[in-house]
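Reading through the structure tokens given below for one structure.
The first chain written gets the first letter, and so on, giving A, B, C and D; residue counts start at 1 in each chain.
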């Protein structure tokens, strides 16, 4: 398993190590900007990058990412362009890249075709927030065949039992949603959160990524020991919008 | 796909494509609904509420003038317009309200396009003492201010949705975003037979009251079953409502009428099951025929009737369509205005623009039937709530003058 | 005055003060009505029409939230708002329509103030295939354009009345002027329990369906008679409608609520039986208490509710008032808006501004009763037809902005 | 009977004689104008004048007279002023004057008081279009006592039987409405009209006045032999409005 191995190696590289995963929306503000942002991220030590293929109905995203999806589509971004771009990026940078998108993108492309193509261009994992295992018969039958890790999602509302069930389908790591709600809002890291992370840990051997609202070094530090991967999403999108592409590198560098 | 195992599927369609954070909420909802459905006291409570708070059974009106005008079938109109709040939406909303009470939740949210479902939900929330937030596209708020006014007056908070096309589908997305944050105390009152399981089943169950009544009424008033039953199809709830009364009768042809907008080949319509612009897809939590492009991005839709202006369609109807159990057609904006005009003049009825779509197709086909046959049109709602749209569509000069004057008065 | 001989009198009130040219018309009308009233098949036809074309029986809604809010009587609301066309006016109009058919006439005329009776009459005319002309004061046309739009769409001709105060009473005069010209083929569908005999008796008879239903329903739902029954009083038709169900029950107190406008002592109101501004008089074909000056000239009246804004009152109610069988009170515009607001927020009901008057008085008195007692409010119509008036009265900024924008759009 | 005698005498004064009755609305355009108009009428041979006391709800009148009623009231015309004015006029001119008004004016004044007062000021008849005999118990019990003629109205819709019934209550003359409808519209004098007038004649011994829409000499000539009194209403109101008070005299003079 490509992604599993990579993450384990990276985590083993240091004590109390925490990895950084960043998120970008393909085509927002443009593929050219994505290209530069990714370079800054990789150059400044980001460990994994999830690339969101924009969708017109991003049900599980918050306003910033929704707007980014929408603008990317308004710019004319197509799935084909995203795939071509991804191919270029994965050959340029030596970290794992994942696709994040909604199920309809795969469904319309043809699920198996999409796996095949993604494999071909070097994608190591999929994050599909609207595809629970119950609906993923075809999808999950293909993950091993194409060695693409399906990233399962835990939520604070998931019971222990549900977590164990999800873990069975998961590869690479588990994406632990830090709180209820959509992307882009700040999370209070409190006792409740700690309890939740302990429950996550107990339910799986996979590394744990924590997302939703991480924007400061303190957040990342707090996650050390509790999670394995800190996910930075909305923050960099805002950064690029407000301060331009070049602000990304220093920001990433400052997180660890 | 194994139909016998997968719950929430109707043939190839349906399912529950929901974010993990809602898994528990849906689990609980499924259980609560299942229990309620199995509990005769619940249906009884529902019927009694609808009989005392709304006006059920709604009448079945014999439209003698339309019958003789078209010289064919006897027209019978199922009068969902006489429901409290003016449309069949109340049937669903009041039912879900009772379910919310059962689940012990204190807050409801809903999407709305035309505003009809929003008004119904705000009404139910006032009656049942729930907090209420309604998501409505910015565009729709502009078009349907009267409904916004009533929702607010009923105590609801109306949130303007500015993402996407700023219409119904975006309001649905936004409602889900609220729900994933507030699922503990909040129920999402979905407005039509769409969305993730169990919503299609649930909404169809509540709406089945239409068909149950209509079947009894036509037998009673006409002495036999109708030859055809017509209903407009937005999400499909009023159609499913009435069709369920006749699905077991193979002699009754069921016809769903979609929004043909500016024409089925114009690219400006909302026809998913007629025409060639839709394809199978997964969005808004369920699988159905969507108006989408080759990438799977949803298209802009158009209809003079805001309530039909939607990219998806009930998975149950997609299945009935696929199996040939329901025939689909579409009506253009222009045909709709003509049918509305005729219906007002001949019968003194003002069908909603949505409902007028069903009238169009019935008008086209009535002559094919004999005068000893009956057809039923489901008049899903009343049009007087749509005066801004209708008067505008008729390009009524006195109305414009009236609005001009009022506007000037308020500008002063 | 010899009560036992004079027909069309209720104590000192009523009569038929009509021009000679209408004598024959009234003679025929009296006969036709008498025969119809005596013919059980006619009442049956009427009930069947109301049950299939309108939504009768209209429900009686237990308003639990209002009941607990006031901590006294159980509130029951008789839902005339759920009638086709949105008010009790339909009961009268459809009944007169059947009578017109019986008489073989082909054309109907009517006055209208709020527009509600005009819409109902235009609707009936469309359904029954009559020509239809509606007389409406110029002022009222300006205020109630939406209703004018629907009347016209239903095929009626709406004539703007520019004489007098350009409101309801002038529309009545104008309708009489039409009638004296076209009595052969035309019936004047008077909209309330006023005017020359046999109109008060006729309208009361058709409206009695409200009280008959309500009596059965309250016994059925509450197990005993209500302690009090409230109704707003314009001409008095909805009040007479519901009161007739309880007149024989001396334990049931009947309360009529008039338009208090800006206050009963302000001179700007329409209270004939409360306050001191009215006196006995003869106008518009009948004798009752009129708001008039010492010369017998009618005064200007005022109410936020156009349907209550009338100088006269039913002679039957004047009699019941004089005999102490109905108690009268009045509600100010301000109280009405507050009652409407509370009713929307607590019950999800939008009473018409007219009906809201009845709510005001019930709210004032509910606390006097025990929770084992019931009161009934006759909700004569729905308020959503009045959005222009209601949004204006609430001074709603978003509504004004919406109208401003629409106005600018149409000005361009 | 004051009025009866007067009319009989006047009719006897010439062969094929037809009398003229005119109508004015008191207070319209002003009492001063009424004064002048009446003088012109009397000077030019009008035989009777009906003075309408304005009422806010003139149900049986057409637009011109309705407007005149309304304007008179807007000018502040009161019943008392009308009575005072009438007293002045009757003492000035030696022809019969009648009051035309709606019943509420009498009712509010007190019916008997109104009779008494009218008698006192020299009024000889009342025309009350909204008071059928069925509603006039009090009214008709006073007509003989005060010797004021109640002018009954015939309409083309009145049956022979009804006419006979009405005739019982009538004094002075019968006012035959020439056609259906309100005041102020032109009447076609045709066979139907002739039949109607013959029916009127057969039902009563009282002289017959014909009103509604008479505006030309030809109309008056046509009525000769068919009726005894031609009533001119709306025409003079329009005349005063359009051409002023002085146009009335010549117009009246030209009618016979």
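In this section, a residue touches a chain if its C-beta (ideal position, glycine included) is under 8 Å from a C-beta of that chain, and two chains touch if they have at least 3 such contacts.
Since we're looking at a predicted model, the values are computed, not measured.
A.B. asks: Would you kindly tell me how far, in whole Å, the mean C-alpha position of chain D lies from that of chain A?
C.D. replies: Here chain A and chain D have centroids separated by 98 Å.
A.B. asks: Need the CA-centroid distance for the pair chain A / chain B, whole Å please.
C.D. replies: 37
A.B. asks: Could you work out how far the Cα centre of chain A sits from that of chain C, in whole Å?
C.D. replies: One centre to the other, that is 66 Å.
A.B. asks: Residues of chain D touching 2+ other chains?
C.D. replies: none
A.B. asks: Find every residue in chain B that makes contact with two or more other chains and list them.
C.D. replies: Within chain B, no residue touches at least two other chains.
A.B. asks: Quick check of your reading of the touch definition: is the inter-chain graph here a line, ring, star, complete or other?
C.D. replies: Contact map by chain: line.
A.B. asks: Please give all chain pairs that are in touch with each other.
C.D. replies: Taking the chains two at a time, the touching pairs are A-B, B-C, C-D.
A.B. asks: Can you name the residues of chain A that touch chain B in the complex?
C.D. replies: 55-63, 66-67, 70, 73, 78-79, 102-105, 107-109, 129-132, 134-135, 137, 152-159, 162, 166, 177, 180-182
A.B. asks: In the complex of these two chains, what residues of chain C are touching chain D?
C.D. replies: Touch list, chain C to chain D: 1, 6, 15-25, 163-164, 169, 173, 176-177, 180-183, 279-285, 287, 290, 292, 294-298.
A.B. asks: Quick one: in the complex, what on chain C touches chain B?
C.D. replies: Interface residues on chain C, with respect to chain B: 51-55, 58-62, 65, 79, 82-84, 86, 122-127, 129, 142, 145-146, 148-150, 153-155, 221, 341, 344-350, 384-385, 387-388, 391, 394, 396, 398-408, 410-411.
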